[in-house]
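What follows is a pair of complexes built around chain A, which joins chain B in one and chain C in the other.
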Partner chain A sequence: MNLAEKVRQKYSAMVSDLASNAGEPVVIAKKESVKNFMAALRADSEFSFDLLMDLFAVDYLFWEEKEKRFEIIYNLYSLTKKHRLFIKVQVRETDPTLDSVAGVWPAADWYEREAWDMFGIRFSGHPNLKRILMYESFKGHPLRKDYRYNERQPIIGPLN
Partner chain B sequence: MGKPVSPNLKVKETRPMLLNVGPQHPAMHGIVHITAKLDGETVLGADVEIGYLHRAFEKMCEQGPYNNAIPYTDRLNYVSPLINNIGWCLAVEKLMGLETTDRCQYIRVVMSELSRVTDHLTCIGASAMELGAFTVFLYMIKAREFLYELIESVTGARLTISYARVGGLKSDLPEGFEEKCRAALSETRKVLKEVKGLLDTNRIFVDRLKDTGVISKEDATAYGLTGPFLRSTGIDYDVRKARPYLVYDRIDFDVPVGEHGDNLDRYYVRMEEMEQSIRIVERALKDMPKGEVSVGDFGRVLSAAEMVDAAKMGRTKGFHEVEVDLDPTLEGTTRRHHDDVYSKDKKVALPAKEDTYGNIEGLMNHFKLVMHGHGLCPPKGEAYFPVEGANGELGFYVVSDGSDRPYRVRVRPPCFPIMAALEKILVGDMVADIVPTFGSVNMIGGELDR
Partner chain C sequence: MGAVTVDKFSFMTTKLNDAIGWARKFSIFQYPFVTACCGMEYMATACAHYDVDRFGAGFPRFSPRQADVLFVVGTISHKMAPVLKRVYDQMCEPKWVVAFGVCTCTGGFYDNYATVMGIDTIIPVDVYIPGCPPRPENVLDGLMKLQDKIQNQKQEV
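Now for the complex of A and B:
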């Protein structure tokens, strides 16, 4: 039984499906309970995911088989158990909102700001959800697939 | 002497002062803006603002074929670009299920470790300079120069090296590399010894680093730190050990850890890591399988320009028995070295230059790989590959839709979480501690802002 199956067995109410990326375990979690799920995974001594390695989004606008447009991917690592698990949460285009996990791992703070900046995914309960790489007056979310790569926006700042 | 201010004057209220450090400040190692909130000289809060060097790395990677992303990865961590190059190629290779040759893997290890040494040299040299130890900076840059020259002789460039290829390397090591490398490493060792003598017992240096920029084990994990920063707190997480890639499992080396998680421990960890990297390089050079360099099989040696000119006029008849003399600064590989550093998979590896110019199969393979809409088409799916960058875990997450371009590329930049934790680390320290702490972060704008 691999790691993802173990997680599903224990938290079947919060897991909707399993997957794999190039052989590594992936758990697809339900959106509503994501915060509780993450907190449980961190606290659970069987898994003890103490390190949030990464958090980012993928925009599946042009994939026909994906029902929901966005996928948020959490890359968790456990320093004590030395295992890694990817957790995916799918989010609809019409309501790109998700609970913030910044309370579980402070590392999520900036990662979530980046996901908001680049994809326009709102993390409710985030302490300071503002743009991080782009400037405040920037329009749109540049890593979305419908944002053209050669689109230009006016240069900001004092013009003297 | 004027009259003293009235002794009855009492301080009624104090207010915290805001101090802008950066964005353009010599100690900011690039462009980053810290708004420090001060009470006297104590830092009460620090608002870190990043994004000044955002160049849309992830977006631009989606616009071109897989091999076209390699020059972009050079510009992520521009102090150790080889590690980024190799990390990207490993991620794509994982997606495609490719295995590279043994020699290629050893060369990748050697180049990664040389990069790690240059990175740590820059980091320690620059932060020592900011504390007034200018000599150390000059010594370390001297050592870095030896290594850069070495890297230049292999890749043709000092920083923007674009050396790795999906399924292989741009070219094999040049002749006489091993001796040159050993010489450069022994020079580096000498410099490290000198620097240790200058800094380890230097009262000013030690006093300014000791117990400043402290982060606890728990905080370091909660903030997702990796690399020398995490190891300075006593956690021995190193991707090369935790999940060995390339041939790191065949090479013996130690992972130095600190104890207190302060700036001084990070200095010690970095110094020891350089020593370990040198050890890895020496071992890898010793173990590296020899490529078949059978000069006798081929006839005369052509210069690259001569070959191209002859091919343009269709005089390709004798090409199967000539050998081309390609400078490492030129793009491409010669047949003599080709199979040693390239994967056997013809659909991935660019053919050797003699074949591209000399026979129709080679030309077709080349064409199929470089033309728009052809090239590497990994199967639909996604893969994550972490490597140990100089600042911590550097991971590439690649999503493929089956076409010749990556659908989504995500880099896990090792400095990003460290910068997120910077406020936590700075609060409670003095203003003067901002500089050594920030120096020990080794912030690299390229990978932070992407």
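Now for the complex of A and C:
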């Protein structure tokens, strides 16, 4: 039984599906319970995911087979158990909101700000959800697939 | 073999404009505005192997008020643009600007939401050094072109 299956066995109420990507186990979690799920994975001594290595979003706008537009990907690692797990959460275009995990891993703070800045994913309960890379006057979210690649918003200088 | 007498040669004639130009072109205090990968090549040029000090430009000043030449080295983003403009505005006349690398010349291969399409859309540029990144020889060539420009321009005093 691989790691993802173990996780599903223990937390079946919070997991909606399993997948694998390049040999790495992937757990697809339910959006509603994501914060509790993450807190449990961190606290559980069987998994003890004490390190959030990455958190990012993907926009599947042009993938017809994807019912939900955005996927938020958590890359968890356990320093004591030396194992890794990817968790994905899918959100709809109309409501790109999910709970912040900044209370579980403080490292999530800036990652979530980046996902907000680039994709417009709202993390409710985040202590300071504002842009991290772009400037405050910037309109829109540049890594969304429907943001035109050559649409520029200079602070000074011409539009070219 | 007698003693060399120098009294015949103890003066020379020149034009004030040329003399000031000569002095200025060999005492370039540069402000390195380094933002990206081109910085490595800038460092290679500045270090002993290529020794930019041979051209009188070996003295980087990290205050724009003490600098003569602004070296813009690396990608300039729209977020950085107001900072670059302010640094330029703070420099005293006479001042020159070198665009180092294609990113600063034209935006280079970037064509996206983040990058300024050439710093000459924001500040005037005197010498463009293309290359991604330019080799040190290329940089020295650009520097010598800048020296020519300084020498031959009308010197404001």
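Things worth noting here:
FYI, the second predicted complex is superposed on the first by the 155 of 160 C-alpha atoms of A that agree within 3 Å, B and C clash if a C-alpha of one lies under 4 Å from a C-alpha of the other, contacts with A are read in each partner's own complex, and residues count from 1 in each chain.
Keep in mind that, in the parts below, a contact is a pair of C-beta atoms (placed from the backbone, for glycine too) under 8 Å apart; a residue touches a chain by one contact, two chains touch by 3 or more.
Bear in mind that the values here come from a model prediction, so they are computed numbers and not experimental data.
Applying the stated contact rule after C-alpha superposition, one finds that A:142 touches each of chain B and chain C. With both structures placed on the common chain, the touch criterion links A:73 to chain B but leaves chain C unconnected. Applying the stated contact rule after C-alpha superposition, one finds that A:152 touches chain C and leaves chain B untouched. Of the two partner chains placed by superposition, A:18 touches none, neither chain B nor chain C. Counting the residues of chain A that each partner touches, chain B and chain C differ, and the larger count belongs to B.
Shared-chain residue A:28: touches no atom of chain B or chain C. In the superposition on chain A, A:106 contacts chain B only, with no contact to chain C.
Once the two complexes are laid over each other on the shared chain, residue contacts for A:40 go to neither chain B nor chain C. Look at A:132: by the touch rule set out above, it reaches chain B but stays clear of chain C.
Overlap of the chain B and chain C interfaces on chain A: residues 133-135, 142, 149. Across the interface of their complex, chain B is touched by residues 21-22, 24, 50-54, 56, 58-59, 62-63, 73, 75, 79, 82, 86, 105-107, 109-111, 118, 131-135, 142-143, 149 of chain A. Interface residues of chain C, counted against chain A in their complex, comprise 78-79, 81-82, 85, 111-114, 116-117, 121-122. Taken in their complex, chain A has these residues touching chain C: 133-135, 142, 147, 149-158, 160. Chain contact summary for the complex, chain B toward chain A: residues 50-51, 54, 56, 58-60, 62-63, 94-95, 219, 221-224, 226, 235, 237, 242, 381-384, 386, 393, 395, 397, 399, 401, 407-408, 410, 412, 416-417, 419-421, 424, 449-450.
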